[in-house]
Every structure is written in C-alpha cells, then in structure tokens.
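Listed below are the structures to be examined.
Two complexes are shown next, each including subunit A; its partner changes from subunit B in the first to subunit C in the second.
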Partner chain A sequence: MALSTHTTPSGFNLPSIHSFPPFFTEQPNPTTQTTVTNQWIRLITTYARHRKLFILRIEDAETPGSEWDEILRNERINRRLLPTHLSNIISAMSAKNLVEYEPPKQTRSVLVYWRLPEEWAEVLHDWAVKTGQLNSILTFYDITDPQIESALTNIPVPLLRRAIAILGKTGRSQIIAIPGGEGVRFLARSK
Partner chain B sequence: MRRGVGLAAFDLQEQSKRSYDVLSSELSKTQIDNLHSQLNHFRTSLAHFAAEHRESIKSDPSFRHAFQQMCSSIGVDPLAGPRKGGWWAELLGLGDWQYELGVQIVDVCVSTRERNGGLIDMAELLRMVSKLRGVSGGIITEEDVVRSIKTLQPLGTGYRVVEIGGSKMVRSVPKELDEDQAAILAVAREEGGRVIEDHLIQKKGWIRERARAALENMLLGDGICWLDDQAEGSRAYWVPSAMHWDA
Partner chain C sequence: MALKRYTKSIDGSIPVQALLYDEEESLTSQDAVGIYDRSQKSPNHQNGTITITSHRIFYVDAQEPENNSFVLNLSHISQTEYYAGLFKSSAKVTCHLSGTPTSQSSDTQEAAFDSWECEVCAFRNPPKLSLAAARVCELCGIPRSSVPVLPHSAPLSTSLPSSSLSLSASLAADSHNSRKRTEITCPACTFLNYPSLRQCEICGTDLPKAKGELKSAPASRPLTPDPDDDDTPRFIRLSFRKGGDKSFYAMLKSSLKNKAWEERGSTSQQTKADTQTLDRNAVSTPGISGILRTVESSTQGRDSDMKDALQDLEALMSKAKDMVKIAAELNEKLTAATTAAADVSPNARLHAQMSGSTKEEPEEATFIRSSLSQLGLQMTNAPVTMDMMKDERNWLESLAKELSKVLQGSHQSNRNVENSNAGGLMKTRGIIALDEVWGGWNRARGVALIPPSTFLQVIPILPTYTSPPIHHRAFTSGLNVLHTPPYSHKEFSATIFNHLMEFESLTLNDLASSEDGESIPSGLLSEMMDAVEVDGDICRDDLAAAIDGGSSGTSAEIRWYLNYFNACSWDGQE
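Moving on to the complex of A and B:
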C-alpha cells in the first residue's frame, strides 16, 4: 500500500502519515506515541496557520461539521481522531506553550498559538504603524474587525489582550478607559 | 669451469667470482628498472583511466559494476580508505563517493527510524537516498547500497542487510529479528502493510496465542508495528517499513 500526501479542498497539503490508519490510534508503545503526538502537533499548528483558525475544542473531534474536519478526520481511510486522543495531544501542546486553555480553568477549548503572543505583538504594532494609527485611540473592535481586512482580523480578544500587554511592557501600548469599555493607544518605539 | 691448481688458479677463481657479482647486480638492476617502468606505466594508465572514466564510474551504475568486477578479479580494492588505498582511492575519488553514500544511507535510516522502528525496505531506502542526492547525484543501485553499508561496518553501527520474505531490507538497529518477526514482516508485505492475527493463523498455521504474542512483542518492544484500533473486526497491526511512503 502506498501512502501519499493529499491536498484538501481548502488547499492544505496533508502529510502521507495522515493516510496511515494507525496514526488515528493512541499507540501503546511510548516511543511510537511520541512520534504520533509530535506529528499531530505539527499538523494542528500548520493547519491552524493555513486556515487562520484560533480556537480548537474537544467537541471538534466529537461531531462532524467542524472547521477542523479536514485534519481530524480522514474519510478516505475511514479513520478519525478520537476526543480522548485529541485531549492528550492538546495537553502536550499546552506543556510546550503552543496552546493556552481559553477560557482558563477548563480543558475542553484552547487558543492555538500558530504565532507566539510575542509575534502577535509585533504584527499588531506593525499594523498600527503601517495604517497610520499610532497615537490614536482604537477600540478592540477596530482591530478585530477593521474595514480593510488585516492579519489581525478575527483575532480572539484574549489573545489581543496578551499582545497589547506585551507591547505595554516596552511602552508601545496603553490601555485606556473609554465610554462603554476599553480602548488602546499604540505608541512609537521609544528608543 | 676448469678448476686449476695452485695460487694462480685461486686468483683466477676470485676474479671470476667478482665478475659474476657485477653481472648479477647489473641484471637485477635491469629487472628492477624494468619493474619500475612497468609500474610507472601502470600508474600513468590508471591515472589516465581515472581521469577519463571517473565521472562515468560515479554516475553510471552499470559501468561502476563492471569496474568493481574488474578490480575484484585482479585483487584490488578501489574503495580501500583514502589512506589505505593510496593513489587508487586518491585518483578515483571513489572512496569519498562511497563514504558520502554511506552518510546519506545513515541519514535516511535515522530520520525514518521513529516511524519504522529501524527497519527499511531496500527499494524505499534507494528511493529516499536518490531523492536526497538529487538528479546530479546519478543513479545508485542496490549493489552500491550494500557496498556502502559494508564500509560502515568498522564504525560498529550495526547496519545490516537482511532478507525477509524474498526481498532485501536494511536494519539500522543492532537487534536480531527472530523467526516469528521475520514471518510477520513477510506477511505484512503481502498484505500491503497490515497484519491481523487471523492472517498468521491461516498463512503460517500458528495458534492464536503465538500470533498475538509475536505481534504484541513487535508493537511494544521494537516499535516495528503500529496499532490500529479503529479497524473493522479485529485489532490490526501495521508495519510502516512494509509500505511505500511518499514523503
């Protein structure tokens, strides 16, 4: 049997291991399972980056129809990733700081860091500079749903807050109270 | 020679002995010179041959095969290391070529080890090594791989070529495969990589306990098998090294 790569309808290139039936089983051999986990971590991260997906839930492995179906299921070989297996992969990712439980204090839903919060902070600041919005007060909505789509469109607010906080440490952002909530002001890099 | 008597005869004898000595050393000098010139001639021819055919030896597998046959029939090892082989290896650069191939074999074996447990099909290995070398690397054959693995032996890496179910595989971990494991690998190859207990019972006439024990042993012990618990019917075992991987 030949194991080949496969391009999904969304244009994502699945590695050949995704058509290897045991890839969807938790392996009793710990060395083999480490390989499986690492491959899944890479797959989840690259797929999230490809589709710009931020949230992964255990539910996504429970019922079909999720935006993660292309990787969590392989209809061609009739295999799927089981929720318990996904839960273990997620906890391995959490240990490597590649995901963060969101909201905190539960383990069924995570923010996937296909860019690290530090990287998001730079993307955010670059966007403010390039769109000429330094020093003006922006709402979170202005950032997550801008008129011209940006790399930050649809970024979840908890992740946005982390990025703003990181910029705050170097004096490049300020959270400001505005009527009806919070706003943020970006400042030029202080030399 | 007439043997005279008296002192004069003694002198004569001494004198002729000296002449013979001179003659004999002259003769052996000619022989040595002759040998030197032959050797020089041989060396020049070899250098010429090497310069002319070096590229063909490296890039054309059938030419390389013929060349190696020729070398072995005259008792010369063209691959004897750079130091040991002296100007042979130096002129041909074949030692380096072989070592380079060895390194590439190790590269492929090590990088695929986590999925195949240190056992790779020869065809698969050839394909992956060729890919690694790119088009300019020329075509390599099974014979080249076997030869390179031999050059790796002094390193004590435990690389070995084993024959399983009529086809060659390369084992890159120094562990013996027992008979039952070899039988399972052979069945896996026939079945496209997948093995279940029933296959072994039907094809090999094993009892279920033996089949289960052997499969579990390969699964848990060596990592040569992977488990598939979503298969219809029974627990299925898959052998990655019996399958063709695209990437």
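Moving on to the complex of A and C:
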C-alpha cells in the first residue's frame, strides 16, 4: 500500500497513517483499536506542540473550521474523526494523564499536556530567570501575555496555577494577593 | 257384602303412618265418618277416622280399632259420586267398586308384600306395594327369586299387623285366636311349637311343613258365596257426619286420577313375565351388580371406539405408504427411460459422460423429479426411523448418512441426475444455515420428523459421512451454519487475505458479487467477516466517518483493509 506523509499548510508533517481511511473508523477488534488510539494520541500531542494548542474540545470534531482541522479531518481521502471516536481517544488520554478535563467535572473539553505540568514549571522558572524577573511580583497576565512572546504566551491560567504550585513546593514561587487579583513572585533556587 | 269382599282388616291401634308402603303417601284424614255397605249402614263401622293415601283408604274405628278397622285399595274404585247432604242427612261419598276382590289373591300377594330379609346382605327389606320392587333387595340388588319361597307360616312370625293382614279373608274378630291355631304340633312328642320352627323345640323331630294341617279347619276358608249377583251394583258409602267431606272428596279424586299404584302394577306384570330378561338388563337393575354391569358395558364401548379410531389411523398410514411407493416407481421409470435412451446411443452416452452431464434427460422428467423432491419424496428408500435401529449410536450414524444424502445428494445414482435438484441442499452452496438444513431435512423425510435435539446430536458425526466433510460452525452472534471446507474460518480468512492483497480493499457487495459468495446471504457474509476481523488481520473503514456522503452506518458501507496499523511506523513530525 502506497501511503505517504503530507505536510500541512501550517508546516506540520502528517504521518502516512493519516491517509489510511480505516484510521478514522473505530475498530471492533480491541487490539487494533488500541493501536489506532495510540497513533491518535501521538498525533494529537505532536500537533498541539507544533501549534502550541492547549484546549481540545469535542466540538472541534463536530464542526469544521477549528484549529485542529488539519488532523481531525482529511479532505484528501474524505474522512473525518467522529466526535464519539474523539471522545474515546480523549478518555484514553485522560487515563494516561496526558490531558486534564478543563473545567473539571465534564468531558467535552480538555487541556492537552503536550508538556507535563512539571515540565511547564521548569519552563516557567527558566523564563523568569532568563528575563530577570526573579523576586519581582508578576500578575498572571504578565506571564500569559508578555510583551516579548515567550513559550508561555497564551498558557491557560489553570495550567499556569499548577506550574506555580509545583514551583511553590520547592520554594521557588509564592502566590501573593495583590489588589485586583493575585500575583506571583519567583525566587531563586534555594541552595 | 261388598265391604267385606273388597277390604282387608287391619289393626287400627297401630297408627296409619306405620302401615304405609314405602312409596305410599298419606294425603288427608277425617274423623267421625260412618260406612255404608251399599245403601245400608255397616253396623261395626259407624264412627271412625278415614285416611286417604296415594294408594289406599284406611278406616280406623273409634270404638274397636283393633277389630273393626279396614283398608281399601284405591285400585278397586271404578267410580265415585258425591252427595252434598240435605237437612239431617250428612254428606256422602259413594265409591263404586269393581275388579277382583282383594281377598281371593290376598295370600300370595301378601307374601310378596311382606318385609323380607336378603340372603346376601341380610338387609331387611320393607314391604312394597309393587311386586317388582319387592323382588329385588333394596340394598344389594340381589333378586328375591333366588331365595326359596318362605313357607306359608313365615308371615305369621313377623310383626303383628302383617300377621293380621295374612288373614285378611275373615273380618278379623278372631285375629288373636288365629295365632294359637297355627302353632305346630310335634308329631313325636306333641309339643306345640312356634310356627316358624322347622324342628321340634323339645325333641328335634322335623316338623310337618304345612301348618294347621292337623287342625280341622283350614286357615283360609273359602269365601262365603256372595249372595249378590254380579250384576247388582257394588259400592260403599262414606258418610261424613262432621263435615270435611269436600276436601276429602277432592283428595280422593286427585288420588284416583294420579293412579300411583298403576305404574308399579304394570312394572310388576312385566317382572312376572320375564324376570330373567330383566336381570340381564343392566340399565334397570339396581344395586352392585347393576353398577358392575354398567362399568362393563362402558368399557366395551370405549374399546370399540378406540378400535375404530386406530383403524382410521392405519388407513391413513397405508395411504401415505402408497404415495411413497408411487413416487419411488415414478422415479425408477424415469431413470430406466433415460438409461435406455443412453444405451441406444452409446456415443451420446459417452459424450454425456465426458461432458459431465446428460443432456438427453427430458425437461419434463427433471421437472417431475424436482416436484417429487419438493414434496419430500425424492428418496427411493424410506426415511430411517428410530424403531429400525438397534441402538442409539446406529440410529445417529444412519441419520448422519441420510443427512449427508440430503445435503450432498446420493452418490450411487447421481450420474444421471447430475443436473436435477437431487443434488442436495449444498449442491451449489458451500455454507448453509442450520435451521434451513433442519427444515429441508424434515421436509425430505416427510414422516417421522427429527426433533432439533436429535439433529444437534447428528451434527458432530456428520463430517465422517460426507465428502468433502461438512462441518458445523457457530458464530458469536449465535448463528449456526454447516459449511464445506472452503468456508471454514481458516480457508475463508486466507481467501479474504488474498483478495485484499490484490485489490487493497473490499466491501460486502464486492464479496457477494464474487463467484464464491454468490449464494451466501450478506448477513452471513458479514458474520464471517466479523470473525475474520476478530483475528486482527484486517481493519475496517466505515463510510460514516466520511466528510461528504453516507452517515447511516449500515454494514454495506463498511470497507475492509489489511491491518496497516501494525505494519506502519511513525513517519510524521516528532
């Protein structure tokens, strides 16, 4: 079978499996379905990292035009991922701690951990060190929408809180109440 | 004199109710009644109570009830008149009498009417008016005729009223004396024995049977000749001195009209005429013997009914056999005809053999054969049944042989019938649902149908009697099929695999239109594909996942591919 990779307009290199029609159908054979699901998980996290996408919703599979269209749909072979199939993939990802339901207690929208919260904590601390903002008080907005675009631009606040909390455990961050909201102060690694 | 001739004396000190027969019914009574014998007053019967029953009129005298009372059978009354009374003359009812006077036949009659003891069950039968009833024991139904007739003395040994009844001829002034007269003198010791004894109480000598023989006067004397000639009217009058005449007369009329005694009387006549026939007649015989006879006759009836029913069934079976026979003959004739034709032209036959079919067989014959097979009569031998076999194993084996013929056709005679429907159910099909096989088999058998349980027992041993072997296969959905080797799971998977290697993908329609799957229902195909899919060598693409087009999700829109997922490695962006 001659299947080939394909590069999307956003510059993402789709794997050849994405051109295989059965890839978009839920397989009745559980073994086959596990393989298919693992391929999808890898595709979703890779694509999220490529596009820096944090939120994946079931709606993205229901209607065209979302930022996930490049992987959830394949116009070349006339196939799309059905919402039920996506829902099953998401629950499989949730079981592997690769996503977090956001907001909690529902299953239609998730945070995709294309980096683990621990990794995000390190990224955040490194960014603070690099930009020389240790010991100064920052608002969440300062982090999510800095003047110079960083790796943390557009990071969802819940993910940011988790990262800060992880840093707090090692004494490298402090949540400070400031007028009109909350602030955070990053500290140098205690020696 | 009419009074004397037609009435019987009774002991009036006994209440009238005690003197009644079983079937007799007391209707009304009236006191202060006088009796006229014809037109003259009867001196002894001037003040008494008169009682009317359904059968008789009782007169019980007020002054001397023991001696002057009498009874008159209503059957003797031929006509009645009513006189309302005038001034000092009281109301009177005149009864005209006719027929044989009671006294002449009284002795024999009374013997029958007495109470008697059944010799079988010792039941004391009460006196009955009618002879028929009196002849048979009320309790056990044994006829009295089997009992030797009691000696004449017997009535005397019974109760007081019957003893006086037996001496009805005299108007009973001497009923007390009569008892002494009937005592029997022993011929040896001259002891006066009690009348019912057969042997002397003192010395044991046999007593003479006829009582009173030693007496000078016979017990029942001939009647005094009737001074009146027969042509003179005979009647008695009842004079109602203190009224009550009207109600009495009404009762008398209705009693005479009902004629309660007559029914019994007619029965008794019949009984006298043919006691034997009556005994055999089960319906009218009461008692235990009657019940036994009824049971016997009903058993006989049931037997004959059953025989009739079985005869019907046998007739039906013989008809069915005939039909099978005719079918077999027809089949033989057809075969003979075609072989004869083939023999005539050996070249043609050779040609036929080489081409693998006989073109000579006329279409009509084929049609007849196919019709026969549709009727389930195609087989020349009759279907195997349980009772032909010795044990269950043989039975199942022969069933398997039979089933293999049904499925694959018979091997012996199929050279000529290659083209016909005799090829069996699986002639053109490699796979067939179990229920269809069962239905087809039973249709072919026609009689002695195979239950599903037996059918399932036959299935496991079927492969040993079929060539190519036919196996059973159960799908996960619960569908059961019989199939030839090409349709086993392994073979079928391989076929599908090769097909996919060649054509990349495959749908049910592709499969159904391919020559292998021609006669296989798509439902069955999808079952088989599902089974192949379970192995994980193929995967599916549902058209429901298409961006444009069908989303109904039916099985026809599923396309199978080889399982590429296992083979491919990640070649996308890291």
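Simple rule for what comes next: the second predicted complex is superposed on the first by the 190 of 191 C-alpha atoms of A that agree within 3 Å, B and C clash if a C-alpha of one lies under 4 Å from a C-alpha of the other, contacts with A are read in each partner's own complex, and residues count from 1 in each chain.
Everything below uses one rule, namely that a contact is a pair of C-beta atoms (placed from the backbone, for glycine too) under 8 Å apart; a residue touches a chain by one contact, two chains touch by 3 or more.
These numbers were taken from a predicted model, which means no experiment stands behind them.
Q: Give one word, clash or fit, describing how subunit B and subunit C relate on subunit A after superposing.
A: Result for subunit B and subunit C: clash.
Q: In the overlay, answer first, second, both or neither for which of subunit B and subunit C A:L3 touches.
A: After superposing on A, A:L3 lies in contact with both subunit B and subunit C.
Q: Is A:T32 contacted by the first partner subunit B, the second partner subunit C, both or neither?
A: Both partners, subunit B and subunit C.
Q: May I ask you to decide whether A:R51 touches subunit B, subunit C, both, or neither, giving the answer as first, second, both or neither?
A: In the superposition, A:R51 touches no partner, neither subunit B nor subunit C.
Q: With both complexes overlaid on chain A, does A:E75 touch subunit B (first), subunit C (second), both or neither?
A: Second partner only, subunit C.
Q: So in the superposed three-chain picture, is A:F20 touching just subunit B, just subunit C, both, or none of them (first/second/both/neither)?
A: So A:F20 meets both subunit B and subunit C here.
Q: With both structures superposed, pick whichever of subunit B and subunit C touches the larger number of subunit A residues.
A: So, of the two partners, C touches more residues of subunit A.
Q: Give me the intersection of subunit A's contacts with subunit B and its contacts with subunit C, in residue numbers.
A: Overlap of subunit B and subunit C footprints on subunit A: residues 1, 3, 5, 15-17, 20-22, 24-25, 27-29, 31-32, 35, 78-80.
Q: Taking the complex as given, what residues does subunit A use to touch subunit C?
A: Interface residues on the subunit A side: 1, 3, 5, 12-18, 20-29, 31-32, 35-36, 39, 42-43, 46-47, 50, 73, 75, 78-82, 85.
Q: What part of subunit A is in contact with subunit B in the complex they form?
A: Where subunit A meets subunit B, its residues are 1-5, 15-17, 20-22, 24-25, 27-29, 31-32, 34-35, 78-80.
Q: Can you tell me which positions in subunit B touch subunit A when the two form their complex?
A: 114-115, 117, 192-194, 219-220, 223, 226-231, 236, 238, 240, 243-247
Q: Over in the complex, which subunit C residues touch subunit A? Could you list them?
A: It comes out as residues 504, 530, 533-536, 539-542, 544-549, 559, 561-566, 568, 570-574.
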